[in-house]
Structure formats: C-alpha cells, structure tokens
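The same chain A turns up in both complexes below, where it pairs with chain B and then with chain C.
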Partner chain A sequence: MTKQNFIELFSASDSNISETKDREKSLEYIKTHELPNKTDENWRNTDLRTLVEQIYFSAHTKKNRITSINELKINGLNDNCLVFINGSFQKELSKIENEKNNIFLGSLAEGKKMYPDIFNKYFNQSEKEIETVFTALNTAYAQNGAFIYVSENFKSQKPIQILNISDSESQSTAYQIRNLIILAKNSEVNVITVSKSLSDGISFCNSQNEIFLEANSILNFNIFQEENIETRSLNNTRLKQSENTQSTVNIASLSGAILRNDIKIYLSGENARTEINGIYLPTNEQQFDNYILIKHEKSHGKSRQLFKGIIAGQARSVFSGRVLVDKNAQKTDAGQLNKNLLLTDYVKAYSRPQLEIYADDVQCSHGSSTGQIDKEALFYLQSRGIGEKQAKILMLNAFAKEVIDKISIPEYKNYIENLFENKYF
Partner chain B sequence: MSQEDKIISDLKNKEYEAGFFSDYESDVFPVGLNEDIISQISAKKNEPEFMLQFRLKAFRYWKTMTEPQWANLHYEKPDFQNISYYAGPKNKPKYNSLDEVDPELLKTFEKLGIPLKEQALLTGVSNVAVDAVIDSVSVHTSFKEVLNEKGIIFCSMSEAIQEHPELIQKYLASVVPYNDNFYSALNCAVFTDGSFAYIPKGVRCPMELSTYFRINQANTGQFERTLIVADEESYVSYLEGCTAPMRDENQLHAAVVEIVALKGSEVKYSTVQNWYPGDKKGKGGVYNFVTKRGICKGDSSKISWTQVETGSAITWKYPSTILLGDHSIAEFYSVAVTNHHQQADTGSKMTHIGRNTKSTIISKGISLGNSQNTYRGLVKINKNAQNARNYSQCDSLLIGDQCGSHTFPYIDVENPGAVVEHEATTSKISEDQIFYCNQRGISAENAVSLIVNGFAKEVLNKLPMEFAMEAQKLLSLTLEGSVG
Partner chain C sequence: MLKIKNLRAEIEGKEILKGINLEINAGEVHAIMGPNGSGKSTLASIIAGRDIYTITEGCIEFEGKNLLDLSVEDRSRAGIFLAFQYPVEIPGVSITNFMRAAVDEHRKFQGLETLTASQFLKLMKEKKELVEMEAKLEGRAVNEGFSGGEKKKNEVFQMAMLDPKLKILDETDSGLDIDALRIVADGVNKLKTTKNASLVITHYQRLLDYIVPDVVHVLYNGKIVKTGTKELAMELEERGYDWIKKDNYTLID
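Up next is the complex of A and B:
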C-alpha cells in the first residue's frame, strides 16, 4: 500500500482526537516524506516489505463478536482492564475501578471530553519532531486508546492492564491505537499493555504510547506481545521524565510477524532514572526489533538497558540501543547490555549498542555479545545425566531468567515463566 | 634539568612543528575537474591506455554520486571544482641518485626528520626503506637495491604502472573497486601517485617499508593510492606518515589504500597521521577522507592495522578487512586524539566470510577541547563464516567539558557458530588518579600525559619502534595545554 492508501484507510475511522493543526502538520509531513525503507539508517535492517505490500481494510465497521476476554487476560490479574478490539474501545468488556477518584482510567475519547485541560496539556507533546510517516499517520488519525491519569500523591496498587486485541478473520485489517498515560507529582502506577490476536488473519497495528512522569513519580510499564504469526505491529513509545522520577520498562516479544518497538525515553529532569529490559524470542521467519533511545538531558541521570534475544528458525532481530548524553547532563551513569543466543543456521542478529556523549563527567559503558549455546556447559549437564534437550531448555531458561526476574508484578512474572517453559518444551 | 624535564619543556614550546612551507618550484595544474584534466594527469604520467580508461570510468561514476552525509561530522563541503588535482616539484621527477634532488626538497625532509640518504639511515638506529611523496609526486625511494635482491618491488605507483602493468592490472581496485564510495571514486579518477609494494612468495621483507606523504602547495588536493600485495607465505611491515603546512583554508586529502594478503602471508600496516589539524579556533586544517581496505585472500593470512590519529581537521576513515580465507586473522589497533575543533569519525570494519576467522578491534579515543571523537565500526559475520570470532573494545577518555565522544558499533551476525563480543566504556580522568600523581610530585599536566599514555599503551605497543617514539611525542604535543 502506498502512503496515500494508508491515509485513506486510517482517515475512514471517525477520529476526532487530534486537533486540526496537529493533523495538518502531520499530513504536510506525510506529503513530503516517504514510508520508511531500507535507505533509512534506522530502518535498514527492518524489512517492511511484507507489511507495506499487503492490502489492508479498515477495521472500524467490524462488529465485535466476543463476549468474554478472560482467556486473553493475564492470569490472576482481574482488576482494572481496558479492552480494545482493533483499536476501538470495548466498555462492556473492560473493568474499571476509578479508585477513590484518584485515578482516571478510560478511553482517550472519554478522557478528552472529561479532562480537556489535561488532555491538551499533554497530548502530542512528547514528539519533538515528527519521526516517520507512521507516527504522523497516528497523530493525524488517532482513533482511540487508553487514557490514564494518576493524580498527585496517589500510589496506585493494582496493576492496570491495557488489552489490545486484533481480530481479522476474513479480511486483513489495519488499525491504530494511541495511549496517553500521565503521572502527576509523587504518584505511582503499574501498567501492562497486552497485545493478542483473536484469529489467525493478517493485521497491522500502528500504535503509539505517550507517557509523562511529573516530579517524583514512579512508573512500571510492561509491554507484552504475543500475537498470531501474521501480525505486523509498529509500536512507538515515548516517555518524558521530570526530576527525581523513576521508570521501569519491561518488554517481552513472544510472537508476531514483524514486531518493532521504538522506545524513546527523555530524562528531562535532574536525577531521573530509567531501567529498560527486554526479551525477544523470534522463530520461523519472524522479525523482532527494538530501537531504544535514552536521552539524558539533565545531570545525575541514570539509565540501564538489558536486552536478551533467543533467535531461532530463520528469524531476524535488531537491537539498537542509543544513549545520548547532552552537554549539561553531567554525572550521568548509563549502562547498556545486549546478548543474543543464536539457535539455528539461518538467523540474523543485528546489534547496535551506541553511545553519543557530549558531557565529560560521565560513566557510560556498553556491551554486546552474540553466540550460541555453550557446548562445554551442555556437555557438563549431559555428563550428569540430563538429556540434551532438557539441558538446552535449562540453559535457555537460565539465559532468559535474568530479564524475566526484572518483572516486579508477580502474577505477570508467573504468567511469562509458564509461557516460556511451554514455548521450548 | 634532567633529560626527561628537558623533553617535556621542549614539547611545551612546540606548536604544529611540521607546519612550514617549502619554497621550491612546482608544477601545478589549474583548478577544476573534468575529463580533460584527467587525461592530462594520465598523459603527464605516461600511463598505458587501460589506466586512462579506468580513471574515466571512475570519474563518470563519481559524477553520479553524492557526498556521504551519515558521518557524525559537521564541516563545509569542499568545492571539488576549486581544487587543483595535480601538483609536484617541477624539477624532473625522476632521479638517478640523491645528489640530483633539489636541495630545497632534501631540506624539507631533513626538517621533518626523515633521512632520505641511505648512509644516514644505516648509521642511525632505523632500518627503514622510505618512499617520499610530495604533493602529487613520489620523490625518492631509498634502499632499492637491497630490496631488489630479494625480489621485492617497492616503488612509486607511477613507476609500478610503467614497469609492472600486469601486477597493477591484476590487483589495482581489486579490494576497493572504483564505485566503492564517493571519495574512493574520486581518488580512482585523479590519483597521482602513491606507493606500490609487492613481496614475492616466501620472502620475509628484511626492513620496514615506509611512505611519507606531504601536502606542500596551497589549493591542491592530495590523492594518493597505495597498493600492497603480499604473495604466499611472505611478510611485510609497512609504515605511513603524513604532514602538511599550516594554512588557513582547508585542504583535501582523499587517499585509497589496498592490501592483498595471499595464502599464509602477513601484512602489518601502521600509520601515524599528523596532517595539519587547523588552529585553535578551528580555522584551516586538512580534510582527511580515506578509504583503507585489506583482504585476507588466502587461507591463514593476516592483516594488522595500527593507527595513531592526531592530525586533520576532519577525519573520515575506516580501515577495514575482508576475511575471505579460512583461518585468516585481522587486527585493528587505533588511538585517535582530537583537540581544539577537530572532528574524527573513525573505526574499523571486519567482514568475516571464511571459516575459523578471527578479528580483534581495540580502539582508544581521546577527546579534548571542543573536539568530537567518534568510533564507528562494523563486525559482520556472514552465513558461512563458521566459528568466526571477534572481540572489540573501544574506550574513550574525555578531557574538558566541551568535547564529545561517541561510539556507534554495528554488529551483524548471520552464523550461529560465531562468537562476537563488544565492550566500550567512556569516562574522564578521575580526580583520584590526578591526586595520586600530584602526591608523588608529578604536576597535573604531566599526570594527564602519563595517564593518557597508559590509556593508549595497548595500541602504541603494536607500533614499530621508530613510530612508537614519534607517536608518543605526538600524543604529548596534542595534549599540551589541556589542563588548567
């Protein structure tokens, strides 16, 4: 599909989220720019051909045909769930507890209506310059998404699930989703976005998350992707952190055709800290990419990245982690580590741990290693009577555990551990 | 005053010491670039037809290309029509003995501390055969007879094109093809001279081969081309050094270096790059856009690059190795120091194709003043490169709060049997380290010099002795005045 097709497709959804001026600016950008392709440094290793060549149909007229989403939810997490099917909000299926009015949970459309001031203050404020045609499309024709506002001094205990379901039984569908999460001063919240598919049809999801952390707030944000093998998903997440804030982002990419996460974290206040971890397990002909940018804009910031991949079949993966330290971000402490385990002969793993430093009083390090299962360790286990397959699974588990252990929501952690065991048994 | 103090105080009073301009008569082409100029260069060099065709092909391709923009460099793009593409000493370019050489030229090399007289070489500690290139022309090659006895060919590129066209036709542009990149295409079209070395089968070259490049004329670009071919089971160590006078305008240097290592051979290539870096305000200086590439063509061959980069206003340079032969080895050791307003974007590329290949990258970047220092490297393990192994380490040291240091490694692995590791750190010299030295009576400036030398030692140790001395001297020169 050409960019014009995409405009026609997405403009069909009755979107009234974006202001006219934002929409015009985005459309202007689309006019003068091409869809990302291989000549773009940032898209060189992401093969978008299967995504772009496919013809999609709009999802907005589709009828919802499910009545229960319990199977799709994360076991054990039954409170606070916002459900979206093909980008449209399902109020009947969602479960919302606006705890003592200290937190607002709902759809973006509702949020805009109820809290116009907050909405206008934050919506579309995280993207300094339009990045790609896809982000521009999302801004121009944002359809709906989750809106979470945590008010001052409120520490939310119950994790919030945003369940994003693709349903494309007969026709390949494309839709957009736009989430907006705001943490006011001294607040705290746990969020899990869960992407799943209901059928095995082809779908394309162009999603964006905008997250703002005001002073002293704490965010735990999880991205869980387990979709059918025909799903193409571009996920663009931007976090803007004020002083003394702390964010943790955990990404688990389990299944999908093309999963690309573009995560940008701006540490715009002093003493802002972030930790981002990811595990990606592509197999067959899947492509899972993580493009991370952490921008240290003020002093005393701290960031950590840990990404691990187990790549099997004929899969491809890209990890690009860029740490940018501004001139006045002295005393920055940044660390970055990427490890890839290659299981078969036909995989491709690209690793780009990058540092760009303009301040002198900093401590930055990065590391990357790519290899296969250690044969000696395997032999050691076998010599103690553990079968080859069993030994391998043991080692894969150990490899992934470092990342999975970073997850702080116990129910979610259990859920992933179980899935992981099933995946390799 | 002890010997050591004297050295340090000498160093302090020095500026860019190679910045003089020699006034000998020279022959300069008018500025501009077109097919006519290229034909003239070719005619001037008495080249066979195949060379002219090669140049024109490259030029036609170059015209369709645009300058690369991806590097982390900011500078005014050179105007390629405002450069003279040929300049050389006017007096007849070929000498039978050193006595015939223009005395002004000899003085130039004496000033640079490069003895061209073999006697001087023999009595001294050094044992180096030198090929000296001024502007566009190779002036002199020493120790020819000794090398001839062993069957080693070491001469200027123009001579090689005349005398060994079969080797040139076989190997020239076999590693860096004419359409490789913008600057190499330009180089193919207009290169004027350079060095050629061929080491025959089973010969171990008894001395270091060395080329010395110098840009003298204003408004000229230097486009030299170096080709080193090591035949089976041979060994050679090759050194390269460069300087330019201080000028206010930017000069362009776009060289291409190609190395072919056949079965079982080993090539060691060292560079000390000291082009004029511009003044303290960033005015002037050389644009150094260089393509260097080697190929380990045969099994068990080895190429080792060592570079010390202290000069140039802008450096754009990625010595790379293609590991084609099984069991081949490539190494890259680099120290890049940038000061004032210098910018360097440099690193290495290792392409593993053969089985059981091994590569090592050690890169040390030191940035001072307002400079920007970037490491950019690619390690690519191809599908069939079973058991490939790479280890990369790139450390950066920041001195002063206005400088920048960046690391952009690219790691592409397509074979599961490969083991690829990359490590990097960036930090400044800690106050504790300086304090420790101060405590023991070492001044802050000397302490910095000491720490930097220690930081770079891993790489400096890989240089041949004569060069290691020069490199250390250069390092302290560049660092001077950085503290306080």
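Up next is the complex of A and C:
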C-alpha cells in the first residue's frame, strides 16, 4: 500500500485522540516523507516488503466474538488487565481495579476525558522530531490504547497487563495502538504488554508507547510478542526519565512475521538508570528486529543492554544498539552486549553496537558475538547419555536463561520458561 | 567386555591409529601409556563416539554389540563412560539439571522408572561425598570457572552417578596436584567391582600408584607395541620412552 492508502485506512477510524495541531503537523510530515525503506540507514536491514505490499482493510471488531480472555492472558496473572481487540478497547473483558484512586487504569480516550490536564501535559511529548511516516500516522490517527497514571508516592504491586489482540480472518486488517504511561514522582509500577492473535489471518499493528518517569519513580516494563505467523508489528516505544529514576524493560519476541521494536530511552535527569533486555527467537522466514537508542543527557546515568537471539530456519534478526552520551552526561556508565546463536546455515543476524560519546569522563563497553551451537559441548552432553535433541535444548535454554532470569514477575517468568521449553521440541 | 580388532582411524587424511588390538574383561583395570602424540586420546575419543575421526578398518565390540553402529548417547547408555582430559565448560547448564537429564535417560534405557526429586538429590549427595566435591559446585554451571582439580573431580562424580561398565580415564592425572590426584583415584577405586572395567590412559606412572592396573599397554605411533604387567609401568618411569621408540625403529627396519 502507498502512504496515501495508509492515510485513508487509518483516518477511517473514529479517532479523536490527537489535537488538531498535532494531526496537522503529522500530516505535513507524511506529505514530505516516504514510507521507511532500504535507503534509510535505520531501515537498511529490515525488509518491509511483506508489510508494505500487503493490502489491508480497517479492523471491524465483531462484538461477542470472545467471551473470555483467560486463554490469552499470562497464566497465573489474574490482576489488572486492559483488553484491546484490533486496537479498540474492550471494557467488559478488562479487569480494572483503580486501587484507592492512587492509580488510574483505562483507555486513552477515557483518560483524556477524565484527566485532560495530565493528558495534555504528556501526550505526544516524547517524540522530539517525527521519526517516520508510521509514527506520524500513529499520532495523526491514534484511535485508542491504554492510559496508566500512577500518582505520587504510590507503589503499585500488582502487575498490569495490556492485552493487545489481533483478530483477522477473511480480510487482512490494520490498526493502531497508542499507550500512555505516566509515573508521578516517587511511584512504582509493573506493566506487561501482551500481543497475541485470535485467528490465523494477516494483520498489521502500528503501535506506540509513550512512557514518562517523574523523579524517583521505578518502572518495570515488559513486552511480550507471540502472534500468529502472519502478523506484522511495528512497535515504537519511548521512555523519558527524570532524575533518580529506574526503568527495566524486558522484551520477548516469540512469534510473528515481522516484529520490529524501536525503543528509545532518554535519561533526561541526573542519576537516571535503565536496564533493557531482550530475547528473540525467529524461525521459518520470520524477521525480528530491535533498534535501541539510549540517550544519556545528564550526569551519573547508568544503562545496560543485554540482547540474545536464537535464529532458526531462514529467519533474520537485527540488533542495533546505539548509546549516545551527551557532552554534559559525565560519569555515565553504559554497557551493552548482543549474542546470537545461529541454528542453520540459512539465517541472517545483523548486530550493530554503536557508541557515540561526547563526554570525557565515562565508562562504556559493548560486545557482540555470533556463533553456532558449541560442538564440543554437545559431544560432552551426549557422552553422558543425553540425546542430541535434548542436549541442544539444554544448551538453548542455558543461552536464553541469562535474559529470562532478568524478568522479575515470577508468574510471567514461569510462563515464558514453559513456552521456551516447548518451542524447540 | 570390550574387544578392539585391528582398528585403524584417521583424521583429515592423516592416519592416527594403525591397527589396534585390545581386549578388556570385566573386573580388569588396563592402563595405556605412551609418549605424546602416540594416539592414546584418539583411541579414547573413538570409543566414546567422537565423529571427527574416520574409521578405515577394524571393529570395536562392546558386550557383543558393534559399538561403531551406536550413537554417542547410546554408547553412554550402554555403559561406556569417558572422563575427559579437558572437560568442556557449558555456561548456563547447572550440574544438577545436567545430571538429572543424564540419569533419567540412562534409567529409561534400562527400562527403569525415573527417580523422584528426593531420590535424585539423595543420589547426588552420596556421590558427591565420594569425590569430596563441595556442595556449592552443584548449583554452578557445568565446569564453568572450575579449577583443574574441580573439573576432574566433577568427571569422577558424573562417573559415579552413571555407574558405567567401562570407565575410560583420559589423562585424568594431568593438571592435578597430589591431593586432588589421591581424591580422584580413591573415587575411581571405590567404584571398582568385578562387573566393571577400567581403561586408564596416562603419560606418567604416578597415577598407577593409586589406580593399580592388571595390564599395561604401551601405545606408540598408533600401535600397541608392548603389553605387560604393572612392572612395565615402573620400567617406563625409570627409563622413559626412548627405548620403546628405539626398539620400534628396529622393528620397522
């Protein structure tokens, strides 16, 4: 589809989220820019043809198609859950406990109505310059999404799930999601975004998360992607952190046709810290990409990145990790590591660690390694009576464990461990 | 138990074993000695099933079965155990999970029920004591960051867990101080019964003071050139390998 097709498609949604000026600015950008393609440095290794060449229709939500989301949720997590099907909010399927008014959970449309001041203060404030036609489309025609506001000094214990379900059968569908998460001063929250498919059809989800951490707040943010093999998903997430904040982002990409995560973390206050981890397991002809930017803007910041991929079949992956240390971000401590395990001779894994440092008193490290299963270790395990297949599974588990162990929500960690065990059998 | 007949093997076109004949019966301890590069470790690897070597001639029978037809894991399940000269580090795989998988597979193969968690832990505890292995090692990844002594103890510990019929020790003494050597050898000796056998590969006689062999073979240039009793090992200790080499030149001439 051309960008004009995308405009017609997304403008058909009954969107009333964005302010007119934001919409006009976005449309102006779209007019003068092309859809991302291989000539852009940041899109060189992401083959978007299967995404762009497909014809999509706008998503009609069939009412009452599902009555229960128990099968789609993370097993064992029965607390707060916001449910969206093809981008539209499903209040009756959601479970919302606005714990003593210390936290607001709901749809973005509701949040805008109930808390206009907060909404206006934060919405669309994380993107300094429009990045791509897709982010511009999201801002211009954002339809709905989750809105989470954690008030000052409130430490929310129960993890919040944002369940994003794609549903397309006879017609391939496209939709947008826009989530806004705000942590007021000294607050704490755990969030898991879960992307799943309800049917086997083709869908495209263009999503954006805007997340703001005010001083001394702590965020644990998890992205879980297990969609059908026809799903194309562009996920653009931006975190803006004030002083003394701590964020942890864990990404698990298990299934989909194209899954691309663009994560940008701005450490805009002193002593802001972030840790971002990812495990990606593409197989067949899947393409899973992670483009990470961490911008150290103030001093005493700390960032860690750990990304591991197991690439099977004829799959492709990209890890691009860019750390940018501003001139006045002295005493920055940044580290990143990417490891890829290639299971066949037909896979491609791109790894691009990049450090750009303009301050002089910093500690930065990066590393990248790509290889195959260690044959000596495999022989060692087999020589103790463990079959070849099981020996490989032991080794793959061991490879992924370092990343999975970073997940701090026990039910969620358990859920991923079980999925992982079954994936390669 | 083990019968090797006229075994010839090569790697990348280079012949390493040039017609090995060896027979080991239950209850026996055999030692293979020989200078570096004579083919000792190659022989051990081939029995265990390492596929980087090509067998060009001969056969290996284990309890009447053609060993060369079996996969690496099936050889282990059938009762062959190789204690590695250089045990591999396997990051992320804990010793407990590793041994759990191995013991389960062995029991399945023997038609036995798998152990319950508590039975398994009891077995682990019992066998660890045998090699004086420290408790803290079991939670750690296999061989990762282990000292030379810890790695070798870990090999004997695994041997005890799997209770093999044929134990092959490939230069188990290399890199061990005298205390670790004694512990490792004691462990091996405690596992000795009339039903199992050992093949001890070593460069030095030192290990044979602790693990006393019934038969000593000298491997040189891909062939067993001398077979004798433990006194042969003493002689080698005194005289070195040069006279063997010299004798063989005479033989070839």
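Here is the rule we go by: the second predicted complex is superposed on the first by the 420 of 425 C-alpha atoms of A that agree within 3 Å, B and C clash if a C-alpha of one lies under 4 Å from a C-alpha of the other, contacts with A are read in each partner's own complex, and residues count from 1 in each chain.
The definition used in the following text is that a contact is a pair of C-beta atoms (placed from the backbone, for glycine too) under 8 Å apart; a residue touches a chain by one contact, two chains touch by 3 or more.
All values reported here derive from a predicted model rather than from experimental measurement.
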Fit-or-clash call for chain B and chain C when the two complexes are aligned on chain A: fit
Which of chain B and chain C A:A398 touches, first, second, both or neither: second
First, second, both or neither for A:Q390, with chain B first and chain C second: second
Which superposed partner A:F379 touches (first chain B, second chain C, both, neither): second
Of chain B and chain C, the chain that contacts the larger number of chain A residues: B
Which of chain B and chain C A:N418 touches, first, second, both or neither: neither
First (chain B), second (chain C), both or neither touched by A:T344: first
Touching partner for A:Q363 - first (chain B), second (chain C), both, neither: first
Angle at chain A between chain B and chain C, C-alpha centres, nearest 10 degrees: 70
Distance in angstrom between the closest Cα atoms of chain C and chain B, superposition on A: 15
In the complex, chain B residues that touch chain A: 70, 72, 383, 396, 398-428
In the complex with chain B, residue positions of chain A that touch it: 41, 45, 327, 330, 340, 342-372
Chain A-facing residues of chain C, complex: 48-50, 71-73, 75-77, 81-82, 84, 87-93, 97-98, 101-102, 105-106, 109, 141-142, 158, 162
Contact set on chain A toward chain C in their complex: 374, 376-377, 379-388, 390-391, 394-395, 397-399, 401-402
